[in-house]
Amino acid sequence: MEFTSESIVRLYDTDAAGFHFYGAQFRFAHEALEDFLEHIGLPIAKTIRDRGVLFPVVHAEADYRAPLAVGDRLAVRVVVRALGDRSFSMGYRFFLADGREAGSVATVHASVSAATGASCPLPVEVRTAFAPYLTTGD
Amino acid sequence: MEFTSESIVRLYDTDAAGFHFYGAQFRFAHEALEDFLEHIGLPIAKTIRDRGVLFPVVHAEADYRAPLAVGDRLAVRVVVRALGDRSFSMGYRFFLADGREAGSVATVHASVSAATGASCPLPVEVRTAFAPYLTTGD
Amino acid sequence: MEFTSESIVRLYDTDAAGFHFYGAQFRFAHEALEDFLEHIGLPIAKTIRDRGVLFPVVHAEADYRAPLAVGDRLAVRVVVRALGDRSFSMGYRFFLADGREAGSVATVHASVSAATGASCPLPVEVRTAFAPYLTTGD
Amino acid sequence: MEFTSESIVRLYDTDAAGFHFYGAQFRFAHEALEDFLEHIGLPIAKTIRDRGVLFPVVHAEADYRAPLAVGDRLAVRVVVRALGDRSFSMGYRFFLADGREAGSVATVHASVSAATGASCPLPVEVRTAFAPYLTTGD
């Protein structure tokens, strides 16, 4: 299963060289993650507050395939790439209105206790809610 | 008395229209505030942790007088504009290398308890450290 | 007439002090402006490209009335505050889901030639499209 | 050879979960790149203007090894990881004041013509200036 979110390229995402700042793509990925978490019933603020668990990024990477311009609307396809005992991996692909893929992001998140900062098992509710979106192929 | 900090205009501060995003000037002001607080012996992390007091911005304004370009080095002159019982006001002026003023920012900060979020008196150490920088003229 | 846009407070808009960075409110205002321009048929990229006119901010100010938390959805009410020969002013008010006003932003934009950077008259199409949203009261 | 820059973790780099937003590490890397380019005599604005060449990021990745807090000063060690005919790769490692490595970033940049957006050879001055910093080991 796949979740699709939307991001809009804003003037502040672009730079004087006429390209978008490469960090912007991580902003789009993070927005899509928050939208995904809300969609599956685990809004980020509530999850932090109720379960005492944080999911900091321990690895992130991005590829850039097409330049983006102000006003471009990106369809962001979100999948779960891996579900470990104490971590999970997400994949994001960004598509322009004409169907071209503008780029992609992959992130690995650890599960850590908000109280101690130590690694902790992924809560079972998170595993259950993420499982249908686990996609290991392309 | 006046404190002078430095900011550099980065590629991500500019936009495709060739101007810097106007929000960037608030980034420069905030950096200068953190540098100022460290300079007067009240680094922001330690102040939040030790005194249990936060200083959220309740009003901010900015004027823009000259365009900025990537690589411009700004001298940021920081002064204290007002010291109230439960608030303070800061002034920031940004100068280009050739002496022209690129713009200015003014911020008003409330003093609130980190525990309750309620308004609280400005700690005496903050008043004492800020007092020499109080400048009501231009 | 009034245009209403929506912004969502993201994790990256908040800071370790538990407040949102005050610069984030200008990000919400700018997003609302781009949405407004698209709504009235003047998308920002096309306007820059076709009319050779830029609208840099020459003054900006913001007031903060309520703390914002991750996941908060803000209704952003956009009005035109003034329409000059070579400038215009915008007003933005941010409302939480429970109806409380979280804050407001006001911006003044100059009309300048993209080619020369010099002040130029506001294009008539812009005046015409903005006029219905001119609101001088509260 | 290695170039060392410095970045300071700002309040706006942190989030309500008490971690820094992972995108911030790319901001530190980009600042270090601009500082590096200036150090080797190729300031970014001048390079774009004079040589008509842009170096957009086509791949970026980051690892995170230690949490960062407001006020942390990071020593950023910059090396050139690869020098191709039409691309180059950079490596950035972030060290806390106590010597611990907080994380790392790697970026791959294409060389493209500012006029056409098409791939173009890396200018010889860029190759010459980068060569001493080429470091393929750890």
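Note that the chains are named A, B, C and D in the order they appear, and that numbering of residues resets to 1 at the start of each chain.
Here, contacts are C-beta pairs under 8 Å (C-beta built on N, C-alpha and C of every residue); 3 or more make two chains touch, one makes a residue touch a chain.
Model, not experiment: these values are computed from the prediction.
Colleague: What chains, if any, are shared contacts of subunit B and subunit C?
Modeller: Chains in contact with subunit B as well as subunit C: A, D.
Colleague: When I count C-beta pairs in contact, which pair ends up with more: A-D or A-B?
Modeller: The comparison resolves to A-D.
Colleague: Computing the C-alpha centre of each chain, which chain sits at the greatest distance from subunit C?
Modeller: D
Colleague: Would you kindly tell me how far, in whole Å, the mean C-alpha position of subunit B lies from that of subunit A?
Modeller: Each chain reduced to its C-alpha mean, subunit A and subunit B end up 33 Å apart.
Colleague: How big is the gap, in whole Å, between where the Cα atoms of subunit A centre and where those of subunit C centre?
Modeller: Centre-to-centre distance between subunit A and subunit C: 27 Å.
Colleague: Provide the C-alpha centroid distance between subunit A and subunit D, rounded to the nearest whole angstrom.
Modeller: About 23 Å, centre to centre.
Colleague: So which stretches of subunit A touch two or more other chains?
Modeller: Those would be 11-12, 16-18, 21, 23, 27, 30, 45, 48, 69-70.
Colleague: Which residues of subunit C touch subunit B once you look at their complex with the stated criterion?
Modeller: Interface residues on subunit C, with respect to subunit B: 16-19, 21-23, 26-27, 30, 45, 48, 54, 56-64, 67, 107, 114, 117.
Colleague: Can you list the residues on subunit A that touch subunit B in the complex?
Modeller: 11-12, 14-18, 21, 23, 69-70
Colleague: Which subunit B residues qualify as touching subunit D in the complex?
Modeller: 8, 10-12, 27, 30-31, 34, 38, 43-46, 48, 69-71
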